[in-house]
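Same chain, two partners: chain A is paired with chain B first, then with chain C.
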Partner chain A sequence: MSVETQRAAHLVADSETMRWKYLDQIRRNPGPLTDPMAVEEEFLAQFEKFKIFGAGGLGCEILKNLAMSKFKDIHVIDMDTIDISNLNRQFLFRKSDVGKFKAEVAARFVEQRVKGVKITAHNNRIQDFDDEFYKQFQLVICGLDSIEARRWINAMLVSIAEEAEDPDGIKPLIDGGTEGFKGQARVILPSITSCIECQLDMHAPRAAVPLCTIASIPRQPEHCVEWAHVIAWEEEKPFPKLDKDDPEHVTWIYQKALKRAEEFNIPGITYSLTQGTIKNIIPAIASTNAIIAAACCNEAFKIATNSAPCLGFENNYMMYSGNDSIYTYTFKHEKKEDCPVCGREARPLEADPNMTLQDLLDSLALRPEAQLKKPSIRAEGKTLYMQVPQSLEEQTRPNLSKSLKDLGLENGQEVVVTDPAFPLEFNFYFRFKAAESS
Partner chain B sequence: MLNIWSMKKKQKEAENAEGQAAGGKRKKVTAAQLRVQKDLSELSLGATMRTDFPDPDNILNFILSIEPDEGMYRGARFTFDFAINQNFPHEPPKVRCMEKIYHPNIDLEGKVCLNILREDWKPVLNLNAVIVGLQFLFLEPNASDPLNKEAADDLRSNREGFKRNVRTAMSGGTIKGTTYDRVLK
Partner chain C sequence: MTEILAQTPPILHGPSDKERKYDRQLRLWAASGQAALEAANILLINSGPGTAGIETLKNLVLPGIGKFTIADNALVQEVDLGVNFFLDESSLGKSRAQCCTELLLELNPEVDGSWNSTVTDTASLQKLLDVPEIFTMIMYSLPLQPEMIQAIETYGRQHGTPLVAIHSVGFYSYFRIALPGTFPIVDTHPDETATTDLRLLSPWPELSKFASEMTKDIENLDHHEHGHIPMVVILLYYLNIWKEEHNGAYPTAYSEKTAFRELVSKAMRRDNPEGGEENFEEAVAAVMKHVVAPSVPSSLKQVFEYEHNDEQQSKSSFWIIAEALKQFYAEHQRLPVAGGLPDMKAQSNVYIRLQNIYKEKARQDANDVFSRAQQISGGENIDRAEVELFCTNARFIKLINTTGEEPPSMGQIIERELGNDEISAIAGPEMPMSLISIYLALSVLSSTSVASADDIIAAVCEKAPTLNNNERLAQVAQELSRAAGGELHNISAVIGGMVAQEIIKIITKQYIPIDNTCIFDGIESRCQVLRL
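Coming up: the complex of A and B.
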């Protein structure tokens, strides 16, 4: 190696050291609460391989923060394309990017700006992937905009954690969300601490207006938009299916709403109000997003490096309110005993695949842990036997004489048993006895 | 990740000591399905109602029939289509009357004005509450929350006339130019 190239190599190494100087200081110098193992070389080196998955509307902020915190292997997912209205706060996008996939554009931008980071973009819905896909990550961080998506990823991670043979199956889930000046950041350790399903009541249901108000006497411009959206559209069906992203469709609703508003003398109908109302757009404020995304990414960094205590075992929920001055409160949201996702992990149910469903149900009455007199039983997407309602009982009665095997039930498959005598349901998974040769 | 790992390790060791080993791949029942199963097994329908499941494996979609045995709507059968999505019980079920009927709180498209199906829905409410609410609409049609404005005006101004219109509509007749579906048994 020539002296020149040697010097150049040194310079590169030096600049790399300089670049992460402060970050490394935090990682290498243990504080009073740092796990001693966290500063061992082996652990420090692991950080570079940490694989993280990010999703949702806080994407720009989160992606920027993670890349600048030395996370090197990041996957991002977003099914949306860039709309002109995103440009005011989603700073990785430019006017020329309008119409392109958000995940793709954001990934390329940050990769170019922060050297050494690998970002894999998925222009998909989170639901497009299965457990095998999610198992490759060590941590999931999301700022999803819907409760449905949150519940889905939560159920996925809890199920991975419950099935896991080793601690790698625990993928901490960091969830951030904002609404105007308010927001929250929380950390979920799937199957260990309170999950999103346990915390479902923390989400206020969306304020709905009575249908009759919309149909008879509107008072606000939003009522007129809802009328055009729910009632006029159904009556006239100007297009076969409403696409809320199609300007032609939105314009149709806008004009209908405008006419109705004139009739009732209500001012204030605009195209963007129409769009906002039908898409249920929650006002996003750039700085609230930044605060929440930063809190989430700090937790991700602390979890990955163990450099300081993080939200998790004890306090796990930080609420932020900027509505009235600034207020934050961090607390422990308790795990719900009867949570349908993480409560009462499924218990094994010993069974012979050749036994009939009737035999299995009879045995449930005898099993000391169940003692169910009127059990109804279902598997995912499969109704095995329901005692009520009557029609369902009649439809599923023939299943009683079939064997578990003939019903398509497999070893390990989960079933849920309900009984009117118990307020809770019972989760089991089959553990089939090896077929005995007769 | 150290703390989390060591914590879970302990938990797993305890489980293994109990002899618990995972079987094959577990397919979880979704939270919405689980809740609907629970709601269905607590359903008490009585003689005037029944549910029908076009696909018994899909309990999120079913049809409810109501045959009121008292009130102005006595002697007819009304069917409602229930569509429950994966966000249940965070979101209410979507309910639609399948016939074109003359009722102040149900419009000609079948949309229903019932507070607990919209603004007053809470996840603690169950399918039984919705079904009882629907039944109540036939016993006590309500003129103050109209969805079918003409029917509501009739009910308010001329109760006897409204009753006659209900009978006419239920037998497939025409009122003020609108022809209704025959729903009498």
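Coming up: the complex of A and C.
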């Protein structure tokens, strides 16, 4: 090496040292609560090789925070393209980026801003990758906006952890989500602590409006919008396929809803309400996303550096609310022994023996602890109903109208439910309600 | 009906580009909140590592604050690039205020921004503050010279400008808001479930008439009709029956309400094809919550009993309407009807008629308050829409930073917090320990950036001797001195998000801001809000 290049290398090293002065100060000087291992050279060196995986609507914030936490090898995944309504909070995107892949634009922006970070963008769904792909990371951090995607990645990481023979198989999952001024951040140590499936009932789905209300006795503007969206659209098919982001399609629904509302004297239909109802829009702002994403990345930093105790074994969940003053509640969510993902026991399924199989399957979508939209079900030695393949669906379809009793199902009997959205089986046993005297 | 007319001529245009861009936030604070944000002018006086203030501005530029100014005399150094995202290689050696301003402005072309790199002392700060434009809010990062803080506080008092002090060191952080006086909020956005106001125990004639007409032949209604009586009507009908059987008294005690619920439940038809009735189930479920005598919540009592020490303040529209509402209450012994009706099983036309009965009553009540307000000196030009919002939200109106009441001293607050800690030591993890020692220790660093743990402990104990030998304080002091005055990006990003939320709440006068200090512990990942 020439003297020149040596000097240049020193300068780079110096500037690198200067740049991370605050952060390395924390890493190299243990505090009163720091694990002594954190400051051993070997451990400090490991941090440099840490490979981390990020996903979801909090992606911009998460990428910024991880890069500013000195993580050098980051993968980011997002199948979405940039929409104009993202620009009020997803701060790495500009108006000229509308239509481009989010992961790609965000990755290039942060790489350009923060020297030395390598960000690999995947314009995919998380479900496009298998366990071999996810095994390469030490940590997964998500701000996904769909509960389904959350459950999928959770099940994947739990299964990797359960199959692994050493602690490297435990890939902490950090999850954040927001709604308006509220949000939550949680840390999951797959197979060890309470997982997303254990916590599912904390995110109960909103009760749906009965179809008969929509079809014949609307009272609220939302009922009129749903009528236009579900019933009028089906009847008239104004466009081949409904695109909820196409203003022309939304306007069609809006006008239909408006007309119906006039018929019933129902006030309050607006374009914004129409769009909000059909897309189930959740309000989102930059500041809440900033709080939750940073709280998540702070946990990632503590886990990767051991510089201070992290959420996980004890407290593992932080709830945040900014509507009325600021309120946080940080607590330990307990693992459930009958969790279909990380538990070992079957869980009870309350049912009336006189209900039809169809009613039972419909109820699985609404039960907070299940939330399964396309369930198939079988009992030992007997297939009750299968969504796929088509031939089996046709064979088992007659069972849907039979009652549980007529199908020969008994109190306490175990059934297995599967759903194409999740790579796992849900084990239940029936707990029949005492027959009502009528 | 007027509502129907008002909605009939919709010119069918989609949302504008701006409405589309801001769609997700307009659903939270509406066009009125957005207009307030766009009219706001924010000053950040930055110092130290200075990341928390910049992160706050990012979260205000994105939703479209009108204008911001950054005052910061620092030149960008390598160390800034490791903590502040709104700088890059090309910023090295340049004004930090300028570089941050430029990179922040990229986030939203609708925002104005300017910078000032000359503020080094009180005199130059004063020059900046003397500009003719008035700042809507001022934030400043600590550590900062005490004289400069005084100059900012003086400006705040003179112009009625809310101030925010932000301090972020290592895993700890806090911010403190100083509002210029009592801060009333009408549009507090209570949870939807809390706003239902049915007046089942004090129905007015139109409501009673509607209910009795619908139920006069209740036993002979066919299953369809019976199964579609709105739960409000069901409850009013059976409340009358109850009254007749109980010498004119309503069910008020818990046991009476349970018995009343039983009465309603028994009246549900089970011999119909469905084997039950949804509307009766709704009625049964509503008994405990909605069969209640309306009361005046303590937050509104505080408004009614408020004593002004500022003549000017009492002439604001808020206080004029508050006075009118107080008169309304004194005369009618009830609050105005809020006017909303939750969804319930019913035929469309029946529900709409019932909804209009509630709306009409709310309109009459608001008219009453409105005409009273107009009689009050200064109330001639009061806005009707403001009166309506006031009446609708009456039960949720809130005062923040109430002046007049003697605030507890720091010594008393510490005493109280230590007392709570003793209880939580026994109660276990359900009751978290106080974070006040983080605030006290950070305060020691508010004018000097670095201090040893011992120095921090000594300085805190000098002001608060009760904390001598306090274990938690010792821990916090060690943790703080460990950071050597440095910021961690994540912690500053958390606090920057919180400060932005609070600034938005104060500027839009929507939702409820903190009163007045929020402490964040990034090790335990939790906050505590204290009035200090």
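We take it that the second predicted complex is superposed on the first by the 316 of 438 C-alpha atoms of A that agree within 3 Å, B and C clash if a C-alpha of one lies under 4 Å from a C-alpha of the other, contacts with A are read in each partner's own complex, and residues count from 1 in each chain.
In this section, contacts are C-beta pairs under 8 Å (C-beta built on N, C-alpha and C of every residue); 3 or more make two chains touch, one makes a residue touch a chain.
Computed from a predicted model, the values in this text were never measured in an experiment.
J.: With the two complexes superposed on chain A, say which partner A:N298 touches: chain B (first), chain C (second), both, or neither.
T.: A:N298: touches chain C, not chain B.
J.: Identify the partner contact of A:V39: answer first if only chain B is touched, second if only chain C is, both if each is, neither if none is.
T.: Touch status of A:V39: no partner.
J.: A:R378 in the overlay: touching chain B, chain C, both, or neither? Say first, second, both or neither.
T.: first
J.: Which of the two partners, first being chain B and second being chain C, lies in contact with A:R431: first, second, both, or neither?
T.: In the superposition, A:R431 contacts chain B only.
J.: Taking the superposition as given, does A:L407 touch the first partner, chain B, the second, chain C, both, or neither?
T.: Touch partners of A:L407: none, neither chain B nor chain C.
J.: Taking the superposition on A as described, I'd like to know which of chain B and chain C A:R89 touches: first, second, both or neither.
T.: Second partner only.
J.: Residues of chain B touching chain A in their complex?
T.: For this pair, the touching residues of chain B are 1-9, 11-12, 20, 22-31, 33-35, 37-38, 40-43, 45, 50-53, 56-59, 85-87, 90-91, 105, 107, 109, 111-113, 115, 118-119, 121-123, 145-147, 149, 152.
J.: Going by the contact rule set out above, which residues of chain C touch chain A in the complex?
T.: Going through chain C, the ones touching chain A are 1, 3-4, 6-8, 10, 12, 14-15, 17, 19-28, 49, 55, 58-60, 62-64, 77-79, 81-83, 85, 88-89, 106-109, 170-171, 188-189, 228, 270, 275, 343-349, 351-352, 355, 429, 432, 474-475, 478-479, 482-484, 486-491, 493-494, 496-498, 500-502, 504-505, 511-515, 518, 522-527, 529.
J.: Quick check: in the complex, which residue numbers of chain A touch chain C?
T.: So the residues of chain A in touch with chain C come to 15, 18-23, 25-26, 29-33, 61, 64-65, 67-70, 84-85, 87-89, 91, 94-95, 112-115, 180-181, 185, 213, 217-220, 247, 250-251, 254-255, 258, 261-262, 264-269, 271-272, 275-276, 281-295, 297-299, 301-302, 308-309, 311, 314-315, 318, 320, 322-332, 438.
J.: Which residues, counting only chain A, touch chain B once they are in their complex?
T.: Listed in rising order, the residues of chain A that touch chain B are 35, 37-38, 43, 138, 147-148, 151-152, 155, 159, 162-163, 165-170, 172, 189, 192, 197, 200-201, 203, 205, 207-212, 215-216, 230-231, 234-235, 303-304, 306, 312-313, 340-341, 346, 348, 376, 378-383, 386-392, 395-396, 410-416, 418-420, 425, 427, 429-432.
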